[in-house]
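Take a look at the structure below.
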Amino acid sequence: MAIASNTQALFTMSMVAAILPQLIVAFGATLALLLVAWRRSQRTIAIFTSVVLGMSLLVNMRLLTMPAMQVTQLLKVDGYSSFAFSLILISALVALRMSHSFLKAHTEVHDEYYLLLLLMVLGGGVLVTSDHYASLFLGFELLSISLVGLVGYHRESVYSVESGFKYLILSATASSFMLLGIAFIYSVTGNMSFSAAIPNVIYHQQGLGVFFQLGLLLFVSGIVFKLSIAPFHFWTPDVYQGSPTPVTMLMATVSKVAMFVVLLQCIVAQRYLLLENFQLFLLSFAITSMLLGNVMALKQQHLKRLLAYSSIAHMGYLLIVIIVASAQGLAFTWQSTLFYLAAYIVANLSIFMVIALLQLQGNNGLYQEDITRDDLHGLFWRTPSYALLMILGLLSLAGIPLTMGFIGKFYILTQATLAHAWWLIATLIVGSGIALGYYLPLIFKMFEGRSKASDKTKATLGPKVGRRIDKLLVYSFILLGLVLGILPDIINQFIG
Amino acid sequence: MNVLLASLPFYPFVSFLLLIFFGKRLSWRLAATISVSSMAISALVSAILLFELSVTKNQVMTANLWHWFELSYAMGSSDVNVRFYLDGLSAVMISVVTGVGFLIHLFAAIYMKSDVNFSRFMAYMNLFIVAMLILVLADNLVLLYLGWEGVGLCSFLLIGFWYQEQSNVLAARKAFIVTRIGDTSMAIGLLLLFNSFGQLNIEAVTLLAEQANSLSAGTNAESADNIYWIALLLLGGAVGKSAQLPLQTWLPDAMAGPTPVSALIHAATMVTAGVYLIARMHGIFLLAPEVMNYVAWLGALTLLLAGIAALAQTDIKRVLAYSTMSQIGYMMLALGAGAWTAGVFHLMTHAFFKALLFLTAGAVIYALHHQQNLFKMGGLLKKLPFESSLFIIGLICLMALPGTSGFFSKEAIIAQLWSSDTAGPMLWWCAILGALLTSIYSCRLFFLGFLGKARFNENVQLKKSSLLRTSLIILALLSLFGGLIPLDLTLVFSSVMNLPLAQLTEPTWLHTVAIITPFIGMVFSWFYFKSYRISHLAGKEHILQPNNGRFVVFCRQGLGFDGLYKKLFIMPYQWLAQINKNDIFDQIIMLNAWYVGLWHDALVLVQNGSLRWYLAAFGLAIMLLLGVSLL
Amino acid sequence: MLANFASIDSLFYLAGLVAVIASLKVVTGNNTVHALLYLVVSLLAVAVCFYLMGAPFAAGLEVIVYAGAILVLFVFAVLMFGLGADETANAPQNKNVANMFGAMFLAFALLIEIVIIINNADLQQNLQANVIDSKAVGIMLYGPYLLAVEIASFLLLAGLLAGYHYAKPDVTRGPL
Amino acid sequence: MTSIPLFHVLILSSLLFVIGFIGVVARKNTLFMLMSLEVMLNAVGVAFIGAGSVWQQADGQVMFILILTLAAAEVAVGLALLIRMQKKYRSLDIDALNQMKG
């Protein structure tokens, strides 16, 4: 019996304290249901959701320095997972703010949007803390199903059904693959907890070794699908494009952070890296992602698609950290992973924020579905603050010095150099080189053609309500990008 | 710490700041007052400084402003301070820079009055003075280099002051690029110097060099080699700035700038910076006699070439430009021969009379509605008696007729050549020939411009300004009597005295020949240029054509150096650029981009939007990986 | 008579075969309702497998929840919205009889199996030896997996919300 | 579990899974895709129950129940989307959904 029923209390107060942030979100979701029953109002539920997320964030901040804590077999809370959850909460808060203006543009009450958002955050929270395949699977599904609801949320949009279906079918397939993988692994090892040691004998057990390998491959491909790593990336551009921008923002941040953290957690705990085949899988994933993502993004006109491709490449870069991870440098592996994720999130939030704001102000104040490269034309002269934010984000993604992205990439390179992974380094450099070929033109585009005063007035149109908060958010992210780029140690304090 | 010395560059600097920031809003009167008065204060301060210097014992004053940075390297470390150092040599220079500079500012204030960008012009002029003072007063080579580049920048800005005209811009660019070649050489020289001596302080370097000199037997071959290269590279810098062979080509073109600029920068001050540099670093040069010899030969060759070129010019300012080159050639010759004091003395007198010549030429050009062609002048002696007489004074100084300042300085140079170790009779003859050429082209200039009949139709326009006249008269007086200024630089060049004098016997006729040479030239020109002098002798009246023979044109274009450089450097470069018009390297790089783009186009087809294909790809990828892992 | 040949594994293989054939029919079928019925058969066969593997609770759930609830949802959707229309139009009509016989045959095979299992005392004894009963599962569910159950409820909530959002009628009135 | 080898159970589940996957890939009708997804999930259930009975643990059945939940949720969302698609496109052909590409 792996998990025996024991006599002592299932939960202690300290356990509750450890998963309090997740509990707050879960409780918030149920309360929100009641709230809907009591009073249906967009404003109320939006404020309620942000309060829930904010409270959770506050409680979570306190956990950053707490020692690791096992909460039943399923969850394990430590500093790394808490940091990842804070990243998730911050992204969710920003996305919430952006959604507010997006939803305002449409005539409906959007209770389910906020509920789904909360559930998605809960899924992320379960994922980052999970220490068991069951919780991994549940978190994964919670995240996916809520996202399916969100992806096609904007029902009037032409893309709604298409992106919803694509995401549903593909993610369901991926999760079936992952589940089958888990089943195979479980059938061979007899344990589903990450921290359980795998007996060495299994590799030679009556042909079951094959199933173990197969299970591992299926499991990783399921996870990697969510990370949109090539060759499981196909859904990414389509779904990025088709979703409402705040949802894309969530997909690019929350789901990436959660999946990556759980992948690292699982791989580190199970020591899969000792398997040569597994190394090979990850290596091929990383190399194809870095090259393919960057190449595909190169001539992309559609901004959200471009970012989707670039996210493929970025996850490829990040995979390097896992490949070269070793037992000795585990702390550094975690540190670089989380730092890179933080950098990636700040950059993505900045860029998507600008895209969302541009969408709201496109076409003479009407909502504009697609934002292409041409919409950036002369943005700097129209709204310098947006352009500045976008430039900071792009530079950070490109890994230009004095941005967070540079430092993140620098960490990755350091680790790869220590591990003598020259091929990965070469690919990373080639990939980054290609990446400059599409990041920089975007920046140049923003400076092109000083447009006339009429455009300036156009930029100030759009929903007036809440514009002050948007502006504040934009300025604070500009500041954040600048400060963190120059003083990256602020983040390292939390991770270290 | 001498406050006056420390403050010297700040007066023009303040003026520069005022003019550059508020220039547009200032009236002419205010702008002129600010810039000219700042120069007047500077001149006054330097006069006081000169007086103070003459009463101090060791004839050295310093002013330490602030510590700039510390240069440290394997060879040692050197504090680089912003520190001014005034000795006899720099005193001569600051008096020239501020004194002549003040007079030229005064002239320029009136001459440029009608220009729209008057305040910008005066600001640049002031900035130039600042940079020049820093150059001259610097106690270390880094600061000197700062000033060196500063004057180069100002020269560029001022030559191209009328930037609407393409030729001016081209001239400015040419001046900048050509002098950059010299500057680069100098920068390398400075680095090498620091590498060998571990010092960049001029005093310290001179001291070290003197020590090395006294122990010359003990110095090893390597350090001698080093010093040879240092001296040669520094010479490169000097050659660029002073428009000597082979980097002389920029100076005639630089005459495109406003005439006060030509007077201030391209005659009196900046172009002599090279001379100053060599005199300043004489310690190094004394250790490398070969380079001294090169200096002398370069000077002599420039002197002759410029003299010949001056004979063929049609533009009054270009004649003066070539004349400047040849006079600097004299200075170089003197320096090369070890006649340091004589060289610096000539620098000073030349500044006086050349500034006078340029300013008068400017006045003449203004009077003739910006006509610079000598063949369109003539008979000005009658029309512009005041300017003409001043011009004559300048010319006789240039020709070094006995009694003028030019005579004293040039004689001092020529007298030391014959018996110098690093010069000799050959160079003496060159100098004499140069003097002959000088007198011939001066006479030609005078005959063409001032005698004969007027070959222009417009009325002369006159600028009756007492200030303008005063400045010209002061310059004329300085030119005439500047030779009487006692110049005692023995303390500066004390090490020179240690040189053993060559035991060459001087023939007795040397001085006689030197004195009568200009007269020979005058007599020769009187007959040879008869047609210029009396224009109706030329056959048809009013039509006096320049000789357009092939050789004359060749000389007029500066003896073909521009053409040579064009063939040697510009054409091959253009050829390279031409064959690489499509930028092969770029194309190779762009090939990568194209290749990646191709991949993009191919891969985009994969992303075809069909969900079933995505699923199939998912399965295919897993099958592929599975196959790889099972094999 | 048949009982003499019966052993747990042969029965398992038979049930598995039925499941595979039924699943194949699901995937290849043309008629939506037929395919759904085959799917039910497949699920039932799998339930028999579960039972044979010593998981009677799971087998029961398979029948009740999967076949009984989830698939009925499908059938409802098909019937209510006429979703099968575009496929039945193209379906070859003459195969209907064969289809019916196929499904009946598979269901019949399963029926025989179940009868055998129930009738055979040896088999029953063998099965009882290593069964994991509902009690063990219950202890697990409300012990170590308690959080999982909670999260699963949120998962259902998410499904409900997303489903509601997609399926709800388009708004015709203004904002609330 | 004594008589049924785990190997064979896993083979059975893989077979069912592959059949389901082929269905998802090959069928153009969205309803059939959803049904095939159910087949896939069911196959995963077989594997879990088999593994649980081999190790004599209830974990396998717990996982099966969780999968059941997932299947329910998925079907709910899937069918709702299906209805939406039917309303919008008047067709269930998945190939109609390829507006976004490149």
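All chains are identified by letter, namely A, B, C and D, in their written order; residue positions are counted from 1 within each chain.
What we mean here is this: a residue touches a chain if its C-beta (ideal position, glycine included) is under 8 Å from a C-beta of that chain, and two chains touch if they have at least 3 such contacts.
Worth saying up front: this structure is predicted, and the values here are computed from it rather than measured.
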Problem set entry | Chain pair with more C-beta contacts, C-D versus A-D | C-D
For this session: Calculate how many whole Å lie between the centre of subunit A and the centre of subunit D, each centre taken as the average of the chain's C-alpha atoms.
Result: 26
For this session: Indicate the whole-number Å distance between the mean C-alpha point of subunit C and the mean C-alpha point of subunit D.
Result: 11
Problem set entry | Chain centre separation (subunit A, subunit B; CA means) in Å | 65
Exercise. With chain centres defined as C-alpha means, what is the inter-centre distance between subunit B and subunit C in Å?
Worked result: 99
Problem set entry | subunit D: positions in contact with at least two other chains | 9, 20-21, 24, 26, 50, 56-57, 59-60, 62, 66, 70, 73-74, 77, 81, 84, 94, 97-102
Seminar exercise, completed: Multi-partner residues in subunit B (2 or more other chains touched) are 604, 607, 609, 611, 615
Exercise. Using the touch rule from the top of the page, what residues of subunit A touch 2 or more other chains?
Worked result: 3, 134, 138, 141, 145, 148-149, 152, 155, 164-166, 169, 173, 237-238
Exercise. What are the touching chain pairs in this one?
Worked result: A-B, A-C, A-D, B-D, C-D
Seminar exercise, completed: Within the complex, subunit D is touched by subunit B residues 604, 607-612, 615-616, 619
Exercise. Any idea which subunit A residues touch subunit D in the complex?
Worked result: 1-3, 134, 137-138, 141, 145, 148-149, 152, 155, 158-166, 168-169, 172-173, 175-176, 179-180, 182-184, 186-187, 190, 192, 206-208, 211, 237-238, 241-242, 300, 302, 305
Exercise. Can you name the residues of subunit C that touch subunit A in the complex?
Worked result: 139-140, 143-148, 150-152, 154-155, 157-159, 161-162, 164-166, 170-171, 174-176
Seminar exercise, completed: Listed in rising order, the residues of subunit D that touch subunit B in the complex are 21, 24-26, 28, 94-95, 97-102
Seminar exercise, completed: Within the complex, subunit D is touched by subunit C residues 7-9, 12-13, 16, 19-20, 23-24, 26-27, 29, 32, 35-36, 39, 42-43, 46, 49-50, 52-55, 57-58, 61-62, 65-66, 69-71, 73-74, 77-78, 81, 83-84, 86-87, 126, 129-130, 132, 136-137, 139-141, 145, 148, 152, 155-156, 158-160, 162-167
